[in-house]
Every structure is written in structure tokens, then in C-alpha cells.
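One structure, as C-alpha cells, below. Some questions next.
As written, the chain order gives the labels A, B, C and D, with residue 1 at the start of each chain.
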């Protein structure tokens, strides 16, 4: 513990790479954006807070990068809460409905009770219409052909402009804004100030940069990660990618299979997989859909390892 | 502290008046509802938890009602967190956007990525269209005449059915559900399980039963208060109305004015109000809009007291 | 809504009055302190966030001070979450046990698993020993005489030094730090980084600057309020004192009594108070202790109004 | 979506295996305990909430166990928040200081401002004194010999009884309870009601059942897991052990190494490990301490795989 009389004056933490883009909008979708309004702390502030916990005993023992990597690897997340980020976001309400489910942030959203709804709705170009995924009930996969896309985009505009004309008419007739807005399309843009600490932001990014997240919110999340966090806390960003975003986790059953795989005893491996009930077949002999097996196969493929029950 | 060997078996807390309505929907708006799915605790659980804090020293000293009233009056809210309520809610998305801003609850919402959007949108009868309020930028006041109301209701249906037809067509063409939904009107119904503790529920009710809350969400909040909390925790409900919902608060300036008013020295009172800058006039001699004066006037009226600067 | 191309570069918000004391410790108790490590936002950031909600419609209509006062008066607290404060605190563990009950903050505490416990415990001078309050079971009132105080202070040191010697001996013998610390006195100092947004900080101050809060934590809270928040967000600090800290709240029953008092009809007032059950007497004719009556009496006194049932 | 008229009456969810132990204390340490006071929900309530999200589309498609395992594996944690548990805990303050750092729970703790401090402190038998770990700065490893243990245990009692006598004397002299308690040892027992949802409880168990958690809190966490959650939500408990508690995670670097290991190309593997900087040596040729290498070695060992840079 430092002697009190030795405390030096502090200067607020500033990060040049982030100060350079302060207030500048990154464009997202056809009319959305994200811009940094303010921030507090940086990589060094994380280290500083962690060292309060560890006390003088560990000072200088580990350098900053090693410490940050250690903290993230072991999910010692409290020091990352010492950094804070404030963004200004313009986003379709549909996408915002997903965003706002993250409860550990502070929010001030544009109010359509107080003011006229923003006169912009997210539009889709003919080549952006996505097809429903087959195996993943909540996802999309592949694109519509452009002829159908053309029709869909035309009808989208038609609907949006009809909805806007009804809204405008209601307002002109004197209907209360809080009620006039009720039939605006979910694609209508809204804006918000959104403030969150770095720990909770990483959690947001882990969920929303993931490939199963909906494309639209993934675009916002990627900008936050790659354009903002990377500039703001580069050591944290690197460690986050290594230990959170791109890490792969194995259950005890999968650990056993990995061991058997490495022992090269194919039969024992297959026996174990059968024992787990992962290789049940349909009447035509094909393997039944089994999510846990499927996920293990994806992990093996991702790591360049062979799947013994496939040819 | 009780001797461990003396702990008796516990029975789970059940409230007959609430068990009677478990699962039964209270209808709200044209197609919404709230129903109680489950709950934990009751008035006695609040008392039980408070007495852990107070220790044996205070046991039996105050009876339950007095203790609950004391706790709520002094905003000692932690014992109220020992009660938990789980609701099933059907509600227009527009209204849900306000609801979800309360962050201290657990939520599972119907997902229109997984399943088809619910085929129902909130409709407005011709006599329900509200006019924009003049002084309160975010409120409504009075109703449209029914001729205009008729037109508005007809157009509302037209828009909703056009939006639904576009949605259905997209789905039929194979557009991913997560994208097809993007132009649904905000009036589309959604459903959710919503779980919250009694402390945070009272805070929700305080804000959403208040007369400035939007009519739609106020209807939901009133049902939760008057049909559910009242049955579940009647002592808490009574105290909540007395000390939170219907209490009036006075700033030091207002306290001074109340004293002057009671002293019946009209001149001194007016001098003080002027000194506060509350009586500035427009060129025509009328009083300028001053929110703090306005609110004080409302409080005096509410309490049946005279406003000395009005005739 | 602003056109995107018009966004100007932003500069981070800095507050000179706070930058001047950045890192400087305010001493509290015999060996504690608070110092500001960093902050984000100021009064203007609150206004900025509120105006996102209100949209351009209300821009410039109200000036900053009026808006901040309006927001705090009506507990529209979300814009205050846009400001963040990070403190370094040195505090006895006993006091920290109360502090940490505020859950909406981020914390990194000095770890006595990693490092030797801080070699300092809070001591009491002979004239600082407080007597147990009679009516308020959780409070103190008045002071011990100095002779007894002398003995108590001597014994306090004796106990603290014995505890420390045992701790040191355990460590020297090789006992794990995590176990060696188990019998340290609660008066042992700890340190922490503590980060919280302004909304939740005001809530903390409302509870901990209040006269029923324990003296020790009240001293910390007062320094945060009067030395830090006052420099950081002077408009908010002023409004907080007026509408939160020094406001007085009246239940419907109390409102009725105020009206009766102003009507000067003494009999009706007394009838009403009796009807409320506030004037029950002991066998000797004295008034029974009744908390709600007592609190109303205190409010009347505070406002300089007469209590009709007292001579 | 179900037709409203078809809603059947609900019965509250009860779990026989948990009802049987309701209120019964599980003893922990020398004088601590945990007992279940109440609960809401069970495995079926998790499934019920998840199916609100998924809509009718997926009803009956997956059975409960598969769904719960899927949810936990993918950290879709919101349905687990639909279950709630209320415990009564008796625990040394030292251990409680760690416990209370979990912010997402509701707490009512025994107040030593209101009542006399509990007259019990945690004691250590001569064979329970643990040695400081060498590599892990925050851990313990091995035990003191019993002769030294004897002395330590005797001194522990001496200190505790001296501290208690001082406390009692202060109280007898009239010192306020809030001040008299200031030098009680951290080993003093406290009690609390603690209420938390199952999602956050699993997070608590993940951190506190882990082998690096301090022994004392680990004992409490194990009882919650193995005696309570296992009875309450057996499917969740099983999945938690497989996918959270006993899962192993690999960074991209480790994934590459696993692939190289399986390719049996020893040289390439060693080259890669060197490239990562994991094999730096001290002057005497021994490997330098490198936490990431160490952790990878532990994972390989745990999985029964060979470490190629060890003989």
C-alpha cells in the first residue's frame, strides 16, 4: 500500500487512436451508424484495477499484456468493468429490440412520444433477401434470386411509404404522437445513447458477433469490435479474440473422445460414440440428426481433425 | 439466533387468493392479457426476511402490518425482494418497447426468428383516438370526434392487413423469418414470460400506474396492481398506495411556502414566490409557464389548499 | 435528427474543477481516504442524453439547469447514468460491509488472499465512543464520558495489536494468507476501486448522507457529495439537495391533516388524528410510541408548523 | 399461440425431493449451515419458458432433457432465470465477504446495528491449518504439522475470546452496537437470507465450486450444488456439470497444437510451441514459468494426452 503523501496528481486516461474518431459516425446498413461519444479508461486502467486486488505483491511481476490475457482467460472480469464506453447509435427498431435485451447498459432512446418518429425505415436491396435456413430454425442461409428480390424490394417500399403516410395523416389530424406511432413498421430507425462497461460489452460482442446472431445486429457488433474496441483497448481486443470469441469448449464426453481419437483406436472411439447415443440411424441407414454430435463434428472440422464415423 | 436443532420443517408459502386465479388470463386492450404463472413468498415472507436483519431483538415487538408499512415508508426495500412473481403477458410490441426498459426483470419473449409472428395487431375503435396534449409534450388529452375516428380506424385496419399480407407473402416465398418480419407494424402482439421481485415490481407500478404513463401500459400496470399484487400481498399493496403511489413530496422551497401559507401572511408568501422566480409574466400580464410553480399549484389543489396568487 | 454529414468531431468532456483534484486523497476517519481516479461526463452530458430522448422538438426550449432540475424532480434518472465516476477508497472493513451492499457498482478490492493484509486498523479516540440510542434501535446518540472513553480506547489498541501479532505469526509460520486473515478485526482497513454511474451514486448518497446512516459511512458519503459531486456536476448537486436529500414526503393521511391544520379547525384535526389511531395513550395518560405520528411531528417541526396535540 | 379460452388453471410447481428438505439445515464448517426456505420453478419451468421463445413451432420436437442440455451448452441462460431459490445461510463474515461480491442476488443479512452480534466465531482444528501455495499466490496447498497446528488453534481461541470479552464489555458500558462491533474478528458468524435465480446461481457455483476457490466457500457451494440444485433441477444439474463445470476450453493456439499433436509430427509441434514463446528457459536450462503453457499441460494431462516437451 502506497503512503498517502506520495499520491501524485493523476491525468485522465486518453487514447489517441480513439480520440481521433470521437464523434465520427461509422455507417451501418442503409441509414444506420455508430459513433463514440465518450469513454473512460483503457488497457492500462484494467491493469491498474487488477493490481489493487493483487496488492503490491505482484506489481511489475507480470507485464500488462500477460496480465490482461490471464484475466480474460480465467474470466476474472471485474477489472474490465473499470472501462466505460458511450455510443450514439442509429438503428432499425427491429434490431434494437434484440439489442435492448442486454440489461447491463444505460440507455437514452429517442422518444416518439415527445417528437415525430424519425422519417427513415431500413430498406433491402433486391440482392439482400435471405432464405430461411433448414437445420437452424432461427437462421437464414443463401439468398433469393434477384427477380423475386426485385418484387420484394418494391413491395417493401410500398408498405413503408403507406405506413408513413398514415402516420403523417394521424399527426396532422391531431392524434397524440404516442398513439399515432402504433403502426409504424419495425424497420423504422430509432436513435439512442448507449453506455456500457467493457466487461459487459465483451459479453455483448461474444453473443452478437457470433455467426448465429442475426446479420443486421452482427454488423453493428462487428463495427464496435473491430473499429472501436480494437482502437480503444488493443490488448484486451486481442485476448478477447483468443480466449472468448474463437475458443472452443469440450465437455467431458468430448474430452474422452479426443483422447480415444489420439490413441488412434478407431473401434474404441466408435464404441464410445455409440454408447453416447450419437449414432442412431434412420430407417434408410442415414444418421439421425443429433445436435451434440453435429457440434462435435464442427469442432473437429474447425481444428482440422478427422471425423472417424465419416468416410 | 435460533438453535439449529430447533429448526422445524417448512412448508412452501401459498396464498389462496392468488392460487385461485393462477393461470387465468385478465384481458387487456383488444387482444392482450396478463396471467400469473407462479409466485414465491407473500406478506409474511417480507416480515420473515426483515426479522433476519433485525434479529431476535425485535421479534413480536411490531406486528406484521406495522412493520411492512414502516419498511415501505422508509424505502427499506430489500425484504420486498424476497417475493417473486412470474407473469405471462400478451402485449403489442409498441407497448412492450416501454415495458422492457425496466432492466431488473427476467424475460423470455416469443421469438419471431423461430416461429411465425403472432397473427394479431392492436386495433383502435373509432372512439379511442386520443388528441395530442398541449402543455405536456409527451401526453394525450381528449378524444377525436367519431367521424374522424371512423376514418382512422378504417385506415388502421387497411394498413395492418396490407402489412400482414406482405409478411405472409415473404414467408411463402421462403424469406427467412428473421428478415420477413422487419416491416410488421409496432402494433403486432407479442408474448413473454416476465419474472420480477416485488421491490422492483413496485417500482415498475409506481412509474407505470402514474397518470403521465401512456394509457396502454397503464392498463397493464393497473391490472398487475389491483388484480394481482392486491390479492398476493394485501398489506404491501395498502402501504404502497399510501407511501409511494399517492404520496406528495415537497422541496425545501415548497416547505417554506407551506409554512408561510399557514402563517396567513399573504404578502410574505407572494414575496417568497417572486423571489423564487415563479411569477414572471408575459407582455400581456399573464403568468409565464413555470413547471415548478405549476406542480406546486397542483399539489395545493390536490390537498384542498388555496393558491394565493390565483383569484 | 441531425444529418450524419454534419456531425462534428467531439472532444472528451473535461471538468476543470474536478481535474484539479484528480488523484488527491480526501482524508476520512483516522486513516481512510477517497480520491477520484477518473470520470466520464458532467452536467452537460446529462442534458445531451436527455435531449436524445426528447428529440429536436425540445432543443433549446429549456436551459440546462431547468432541465436537470426537472429530470431529478420527476426521477427521470436514466440521463444521469450517462455520467460515471471512479474512486479509490481506503476504508475499514466494517464500514465496507455496508458500502458493498449497493449492488449497482463495479468493484476491485484489495485481496488479502494475494497480499498481506493492510497493517492498519481504525482506532477511536477517547471522546469518540458513542452511546446506544434509546428509541432508534439501530442508532447512536450522545457520547461516553472521557474516563470510560480512555479505557475503551486503550483496550481497543490492545485487542488490535494482539490480533495483528497473531496474524503476523501465522504468516511467518507459513499459514496460507487466505486462512491467516480469518481473525483480523473488522476495523482493519481495506482498499478498493469503486466505479458507479451518477444515478446510482445519487441513490447511494441519499441513503448514506441521511442522518440515520452510521456516522462512519456518512463521513465518506459527505465527502463524495460535498467535495466531489459538487465540483463535478454542480447543477445536479444543487437539484439533488432540493428534490431528493431535503425533500419531505406526505402520505394521503398526512395531506389530509395538513389541510385540516390550515383550516385552523383544531377539533376536526384532533378527531382525524385519533381516527388514524395515532393518539393512543398509556395507563399514565402519556402518548404511546407511534412511529408514524412521531415522523409527522418531526416533519411539522422541520417546517416550522405547530403540532396541535402538543402544548 | 394458444387460444385464450383454452388456458387451464395452473398449479404451482412443487418438487417433492426438495419439499422433503425444506427448512432442514445442512451443516457446514464448525457452526455454519444452509437451508432452503422456498423456491419457484423446476426443470419443467425452464422448458416452459424456453418454449415461449420458440413458439409452438418446436413444441414436442425435442424432449425436456435434450432442450435443457442444448440451452446450457449454448449459454442460452434466460430460461434458467425463471427458477428462483431462497436460502438461509449461516457463515463466517470472512467467507461472506467473498459471497456478497456476487451482485445479482437479493440479500437480507442479520444486522449487528439492531441486535447483538452472534456469539460464535469459526474455529480451526489443529489439523486444518493450511500452508501457503507456492505457484498460486492466492491459494493454499498442504497442511501444517499438528504440533504447530495445536499452538495455532489455542491462540485462535484466545484471540476470539478476548475479542468477545471486549465486545461484551463495550455493550455493557452502553456503547452503541454499531460501534461496539468494530473489532470483532472476521471469523464471527453472520446469517442471511439469500435469494437468487438459477442462471446466476449456476454462475456462482461455476466460480465457487472451482478448485481455486477458497476451501471454506467451496464447501458452501458444494452443498448448494450437490444437495440442493441436484434435488431441485436434476436435468439442469447434470447438464451444468457436463458443459460448464467440467468443460475444457481451447484457444486458437491450443487448437492448432492439438491438431499438430494428432498429426504426430513432434518437430512441428515443438516448433509451434517455441514460436508461441512458451518454451523459454532459465540459465540452468529449465523451462521458465509460463502460465499459458502450464494450463495447456494441465488440460492435456486431464485428458490423458501426452505433453511432447516433457520426457
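The definition used in the following text is that a residue touches a chain if its C-beta (ideal position, glycine included) is under 8 Å from a C-beta of that chain, and two chains touch if they have at least 3 such contacts.
A quick note: this is a predicted structure, and the numbers were derived from the prediction, not measured.
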{"item": "Pair joined by the larger number of C-beta contacts - A-D, A-C", "value": "A-C"}
{"item": "Of all other chains, the one whose Cα centre sits farthest from subunit B", "value": "D"}
{"item": "Numbering shared by both copies at the subunit B-subunit A contact, with half separating same from different", "value": "same"}
{"item": "Chain centre separation in whole Å, for subunit D relative to subunit A (CA means)", "value": "27"}
{"item": "Distance between chain centroids, defined by C-alpha means - subunit A, subunit B (Å)", "value": "32"}
{"item": "For subunit A paired with subunit C, centre-to-centre distance based on mean C-alpha positions, whole Å", "value": "37"}
{"item": "Contacts with 2+ other chains: residues of subunit C", "value": "54, 57-58, 107, 111, 114, 137"}
{"item": "Contacting residues of subunit A [partner subunit B, same complex]", "value": "92-94, 97, 100-101, 103-104, 107, 111, 113-114, 121-122, 124, 129-133, 137-141, 144, 148, 152, 155-156, 159-160, 162-163, 166, 169-170, 173-179, 181-188, 214"}
{"item": "Subunit B-facing residues of subunit D, complex", "value": "1, 4, 7-14, 19, 22-25, 27, 33, 35-41, 45, 48-50, 52-58, 78-79, 81-82, 84, 86, 88, 90, 106-111, 114-116, 118, 191-193, 195, 197, 199"}
{"item": "Parts of subunit B lying in touch with subunit C, wherever the complex brings them together", "value": "54, 57-58, 66, 69-70, 73, 137, 242-243, 246-253, 255-256, 258-259, 261-262, 291-292, 295, 302-305"}
